[in-house]
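Every chain is named by a letter (A, B, C and D) in the order it is written, and numbering of its residues begins at 1.
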Amino acid sequence: MPIKVAFIGAGSVGFCRRLFRDLLAVPEFADANFALTDINKPNLDMVAQLCRKDIRNNNLPARIVASTLDRRRALDGADYVINCTRIGGLEAFKLDIDIPLKYGVDQCVGDTLCIGGIMYGQRNIPCVLDFCKDIREVAARDALFLNYANPNAMNTWAAIEYGKVRTVGLCHGVEGGWWQIANVLGAKDKKEVDIICAGINHQTWYVRILYKGRLVTGEELLRAFERHPRFSQTEKVRIDVLRRFGYYSTESNGHLSEYVPWYRKRPKEIKKWIDLSSWINGETGGYLRVCTEGRNWFNTDFPRWLKAHDKPVGPGDRSGEHGSHIIEGLETGRRYRGHFNVRNNGCISNLPDDCIVEVPGYVDRNGISIPRVGELPLACAATLSASVNVQRMAVQAGVAGDVTLLKQAVLHDPLTAAVCDPEEIWQMVDEMLVAQGTWLPQYKREIPKAAKRLDEVKRKGLYKGTRKWKGAARLHVRTVGEMRKNAAAQRRNAAAADKAAEQRARDAKKR
Amino acid sequence: MPIKVAFIGAGSVGFCRRLFRDLLAVPEFADANFALTDINKPNLDMVAQLCRKDIRNNNLPARIVASTLDRRRALDGADYVINCTRIGGLEAFKLDIDIPLKYGVDQCVGDTLCIGGIMYGQRNIPCVLDFCKDIREVAARDALFLNYANPNAMNTWAAIEYGKVRTVGLCHGVEGGWWQIANVLGAKDKKEVDIICAGINHQTWYVRILYKGRLVTGEELLRAFERHPRFSQTEKVRIDVLRRFGYYSTESNGHLSEYVPWYRKRPKEIKKWIDLSSWINGETGGYLRVCTEGRNWFNTDFPRWLKAHDKPVGPGDRSGEHGSHIIEGLETGRRYRGHFNVRNNGCISNLPDDCIVEVPGYVDRNGISIPRVGELPLACAATLSASVNVQRMAVQAGVAGDVTLLKQAVLHDPLTAAVCDPEEIWQMVDEMLVAQGTWLPQYKREIPKAAKRLDEVKRKGLYKGTRKWKGAARLHVRTVGEMRKNAAAQRRNAAAADKAAEQRARDAKKR
Amino acid sequence: MPIKVAFIGAGSVGFCRRLFRDLLAVPEFADANFALTDINKPNLDMVAQLCRKDIRNNNLPARIVASTLDRRRALDGADYVINCTRIGGLEAFKLDIDIPLKYGVDQCVGDTLCIGGIMYGQRNIPCVLDFCKDIREVAARDALFLNYANPNAMNTWAAIEYGKVRTVGLCHGVEGGWWQIANVLGAKDKKEVDIICAGINHQTWYVRILYKGRLVTGEELLRAFERHPRFSQTEKVRIDVLRRFGYYSTESNGHLSEYVPWYRKRPKEIKKWIDLSSWINGETGGYLRVCTEGRNWFNTDFPRWLKAHDKPVGPGDRSGEHGSHIIEGLETGRRYRGHFNVRNNGCISNLPDDCIVEVPGYVDRNGISIPRVGELPLACAATLSASVNVQRMAVQAGVAGDVTLLKQAVLHDPLTAAVCDPEEIWQMVDEMLVAQGTWLPQYKREIPKAAKRLDEVKRKGLYKGTRKWKGAARLHVRTVGEMRKNAAAQRRNAAAADKAAEQRARDAKKR
Amino acid sequence: MPIKVAFIGAGSVGFCRRLFRDLLAVPEFADANFALTDINKPNLDMVAQLCRKDIRNNNLPARIVASTLDRRRALDGADYVINCTRIGGLEAFKLDIDIPLKYGVDQCVGDTLCIGGIMYGQRNIPCVLDFCKDIREVAARDALFLNYANPNAMNTWAAIEYGKVRTVGLCHGVEGGWWQIANVLGAKDKKEVDIICAGINHQTWYVRILYKGRLVTGEELLRAFERHPRFSQTEKVRIDVLRRFGYYSTESNGHLSEYVPWYRKRPKEIKKWIDLSSWINGETGGYLRVCTEGRNWFNTDFPRWLKAHDKPVGPGDRSGEHGSHIIEGLETGRRYRGHFNVRNNGCISNLPDDCIVEVPGYVDRNGISIPRVGELPLACAATLSASVNVQRMAVQAGVAGDVTLLKQAVLHDPLTAAVCDPEEIWQMVDEMLVAQGTWLPQYKREIPKAAKRLDEVKRKGLYKGTRKWKGAARLHVRTVGEMRKNAAAQRRNAAAADKAAEQRARDAKKR
């Protein structure tokens, strides 16, 4: 019997179509059934048209059995459910970036940790729990939930602990850095480099690197990065962290800079640490800008996509995303090794059991096997521990609608804590709750109280969110007209839902 | 640089030559260096001659760099050290079987648990610690110790916890049952059946069986075994355990029967549970008999071995032993999955962290990766827990030379406890210590006291080891003359150091 | 506001009235409210009359606010709920002793472990869960459940893990042995001896004994017991265990003998280990006999009780039962140290987290504080581990009504496993389920199947429960007429619900 | 036999004499033996004279058996060893405060965490390990080490994990806040308030407060503190933390402000949070000042101390320090409850097993019993977790002399991380290593390299420690002349080694 794969948030053209084509590339899945669901009908329709075109052009027996706003219908009997939603869309995302700026917190991505990521988690968790309820009730018994949506660790945590669904969080985060490491070491192919990564999503560390079977030390890697002409410019935060910790982080320069207290707390110095050649290197609200441009461009460019001559699906076209490989491993027994987000359960012995870690895993017909990694270097563990504590509070707050716990989560966020004082944090969270109320059903009773508190501080002249700026390194959001002038680059950009791939693509071009 | 592999107990013709040839079958190891060591010069010489013949006949650059009684010379710079000793040889082994019979304890194998296995552990542990000391001092940095010697769990436990050497315990135990399961399910090939085994060495359970991707229940498996014409006769204990527990045991009928309190405690009923067509199905002292015969035969038959035309080494000749595959995985990155004996560390969540478990592992250049298995079924865990407690006491006793702890270990052995009372156990252990003193340096000070205690109970007429019998199911040890009459079978037998393989070979013949 | 204490199984004259009087002895509880409930109206009425008499005679403001068959009414608003039920009464208890005898299992008490204790657990668990439901629903918020009912560990386990009620299991088990130890050491007062006990209920070990501040070794204690004129006769099992393990057990000779595989498996030798001067030293079905006699006598003797001139309540009359001291500690802050049954949670580091351990605790207004004990001696831990595994299976079976798991529990019981084979165990459990169906609602659907299986084996002549005997050491149950001849002793006996106290009382008399 | 108590750092007049007199107040210790050791002969002599005077004036048989610079002689046969050293004295302490100021880090106490506490730990650890070596070698078997020296958690951690000595860390930290809580709640006596505190030394939380048996919520406590006329002014940081976390911290306002990132990072706002009426409320380098003044004053005032008419030792004079009570409990069995610093071992379930926690404990002849506390509120645990990670790195660095790990410890310190960037931290640590080299034997090989690195950055104009200020809230260190003008107050001050007591004393006066 063919497998059934359902996509939630299928209107996300980048992820959904990419994973869809990856699955079609597996011979055993040529006849698979797919179901697409989203809350945005136009986006869903566009993506469904592109997917149908892929089936048709490749002459496959696969079927889109549903493309529907009715999520339960899409999930009905599904063996695999893939989450690629962006809850609140760009509208809410903009608030995640702009309100914190008023309190001095300057984020680059803001979708994983820091105040933006925490609030994004609050919007996601009620949805994730709804998805899980549907999966438990209508999907196949023991269906697997593949979560691509950020904040990945929080969503996966909620799905496992509260949604009670078998879940794995997926991210290609380790791929980009692996490619960079191979590059700086002078490898001809990533395969010459063996890596073990361990940590939490977007803060994973290359804890063991073998180059042609030889162990590479942190010292050696640092020198290699420092002398690399481009990375020494674009990866200043990552290289500084490597200098201090002895380990390279999987995370991009911009993302990493917002997870730790050291690099973005002094507005005047932010630019010292980042590079504006690509948004992912640290641009204020960089991901928001590129997503906004991409979404607008896709709407404009869609007719062209529909007509384009695409590569045939198949091994040559398959991406590095783990999703299709996991399903392939489980169904066919072809063994796969990747890095997955799972409940820790002692895998990393110096992180708590209940947190979601990103660690190596093997997939075959025996399931997703997560080997024990053991102890992380102390500095890595200390940094992760701070984030894990924030995530735990944020997840529990998001599940229970507990405003105090939510504020305590933000209070303990390393960058926010380095920038704000407690009263500023309390006001900032109130302001965000009020602004994002539409997407926060669990805080329904609390939001009017937050609004009242805000009014009161304003009335008393004690309001703190008074900084007027666009951040230390903000770029202009290009209009479709502007983008049209450089259409080729834009097409690539629009396709790049993949943050790291985007950079690798740029890198590849420049070499 | 070619790898160096050292064998301790290289005079063990079955294991040593088998693993040696397996390694030669890996193209990257064609030029490997091997070092052989043993305390028995004639045996060592015979095996070395056979190994040199293998190199010569296959035109390989590999070298036997040492064949020596000097263990440190053999281990010098070794990357991998393989232990295939039998400490105390057949002489001590005979005592492990015969003394317990005087106290009513009737063992089939007696080399893993029960009183025989516990005493075997006492003989092994001082040697294992000596080997580990040498490895730490003269082998390559971070050399891997591959332990094949029984009692495997105790030896591996001692090597890791007290020897402080990176160790993995290896056994092909799961292979035989896997083959049987495939057989009873009607599979054409073992590969149609996916298994996850978990437990402790020689008491591992098939906790998850997929046949062509479909989950097989205990009920289904029970019915399949019950209706199998031969296994329903030869595997009565295993099938009964499957009936009670819902899970099939990896261990042979004879071995399993001596680990639990239910099948060998009433002498008159033992034969109901066993089958004498193969020693491994339960014959009293069966393994002792077959080893004795095999060793005698090898001494006689050696000239013929030396002249024989052997198969060329290569994939077609390679055995199912994990050893060569592990080394291949670590050195070449070719991924391998097997079942390995390692420190639990939470892998099986309802067994203690410190015990040695046998669980699935993946090997590649990233090391030996042990995924978390989770919780075992309660009845399986309860049975294992009893054995683990015995092992822990036996290991600590063996390290410290603590007679009381040793007796407490035996006191808690399920079969011994079902047969004997405490005073009988105390006397039996004293008697064994006295008889095996040669191989028990750690008990040097204690053995005279044990002798004195024994004398005293004898003098007082309180001696309990008075049962005169050869066990419920003892067979005659054949002379070389008798064996010569059936030389072909004997040759196969002599080669079969592999307990399960021996049975599979018979099985294959009979089908 | 006065506290409210509810007794379930209040018809148990020994426990209920004893604890009631103990509570009245606390000045702060002079005005407490008590509620009594039972399913047996005559018994309840008799006890209520005695309690009312105690209030009246002592001129206290305390009140019996309810004496009712309606449990929820009794529990309504209760701060403390004390369980002193005997589920199934003597009728079921008799089956716990007599059916196993047909399969060769000879128990002395049979209410904690072994086949009798396991079945008793099956009868208790549904009731305990009902009590817990009522407590959650109608008792005071965060009410404390004090469980005196056996099997104590299983009941406490069920109440905590499945009943979700704050529970402590109470037993005076450690008191008797403490008194014996003081006695053999020559102490003038128990207070000269400091003890730390740890283990599981009825299998707790004196792991640290200080006599006048000096550490007493196992060796010294053994010699002291061996030379004690009476204990050397009455405590042979306990002394033998002390000889083998190095630690004295809290449990009486008879009870201990049925928890381990060594002393009751050979019918002809049982009498070597026990002493018939008191039932608790090992008499077959001894507790059943004494309870039967006691209950009959109480019914006869009640009018005399009602008229008797009792001691005034107060410190001089207060018993060693922990119950009133715990409540006193929690309410008044007067610090108390006792040994309590609680979820392990790492307190004994080499027993699993989820089991119920009996360990030292301190009580004051800060709650019941359970210090970490650390690691038990290996032999003690090994013995306990076997019991804990049985308990876990028995509890889960009892909650779920899972016959297979129930049989697996019995299969792993040390004494049963030393006596029976698996098929005998399977039949014995079926037979007990059928016989006790009235008290086993959770097995309602399974019992007809068990009956069918039994019929089938009988029809086929394969029925195994064919041993015809009354056990190795059975005494005659005295009639009321016989007892009347020795009324004074009988009165003491009827009051002694307290197993150990009964022995201490005898001891005291004999000195 | 009388007990022997040894004091290391006996020249610390406050602690040593206070504990000495407390011990003399226990009747059973009237004949105890005391040994005093210090590296500073004049201080040692002065304290020894005062102690001898106490014995004499109270007519006790106790003896000062040694007052010596030879530590091993003092420890010889000691049952209890009390550590009240200040390693590096005021000279090093001044560097702990002044160098960080150059990099913008403004500390109040600086002896527990933050950069000052971390460096203090580096100075202490080699000494603590030396003390432990001596204790293992010459003290009584299983002697107890009572550590009063700060940084208490780090010292206790080192002593247990690396010194392998039975150790408990002692601090009266919880007393002050307990007194405050009783005060704001309107209690007449601290005894009306029951508290459970849990956390790590100097960051312990009142996790459960009962006032006359009634639970006090965080909300209620907050209102009570906010309306308290004086605490609302002096405890602004503690009250703000109570507001955010819902729990009151044991730690003084000044200390707490330097452990978290929120209150001292903006120099201009520090004064908003602190109060200069007492150094402990937040004064820059306040403890350094008061210690300096106190030491100078003591030297001047000593003749007067020697002549003074002291209170007789006895219950009325006994302090709240736990030390004498612990020894009393262990030796006499008189039960005591206090808050102690011990290895966590699961006591606080959401902190790591290996860290040192401050939690309730019961002491009697059974030892120091540490009950399991369970889970801390998430925000409290998150804050502690950050400190614990710093401590672990600092301890391991201090043991191994690992500069990188030391810098990583500082890098993760919450306040330092909120103020500095990584390069500043690297330079600051180098600068402190160079300045404190005398007291850092473990860094002997590393310090020249640090000096070289510093020279290099200075030469290149990259030196960062350029801030010229005395901190946001620095007070003048009074000369002896100035102090003489207010001698009475000064005498009290000099006696107050006890930070909290000092404040309580002031409080008491002002009421």
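Of note:
Here is the rule we go by: a contact is a pair of C-beta atoms (placed from the backbone, for glycine too) under 8 Å apart; a residue touches a chain by one contact, two chains touch by 3 or more.
Just so we're clear, the structure is a prediction, and the values are computed from it rather than from any experiment.
The chains touching chain B as well as chain D are A, C.
As a whole-number value, the distance joining the C-alpha centres of chain A and chain B reads 49 Å. Centroids of chain A and chain D (each the mean of its C-alpha atoms) stand 44 Å apart.
Chain D has no residue in contact with two or more other chains. The list of touching chain pairs reads A-B, A-D, B-C, C-D. On the side of chain D, the complex with chain A involves touching residues 240, 243-246, 261-263, 265-266, 269, 350, 352, 378-379, 381-383, 385-386, 389-390, 392-393, 396, 404-405, 407-408, 411-412, 414, 417-418, 420-422, 426. Taken together, the chain B residues at the contact with chain A in this complex read 194-196, 208, 210, 213, 331, 333, 335, 337, 345-347, 349, 360-362, 364-367, 369-372.
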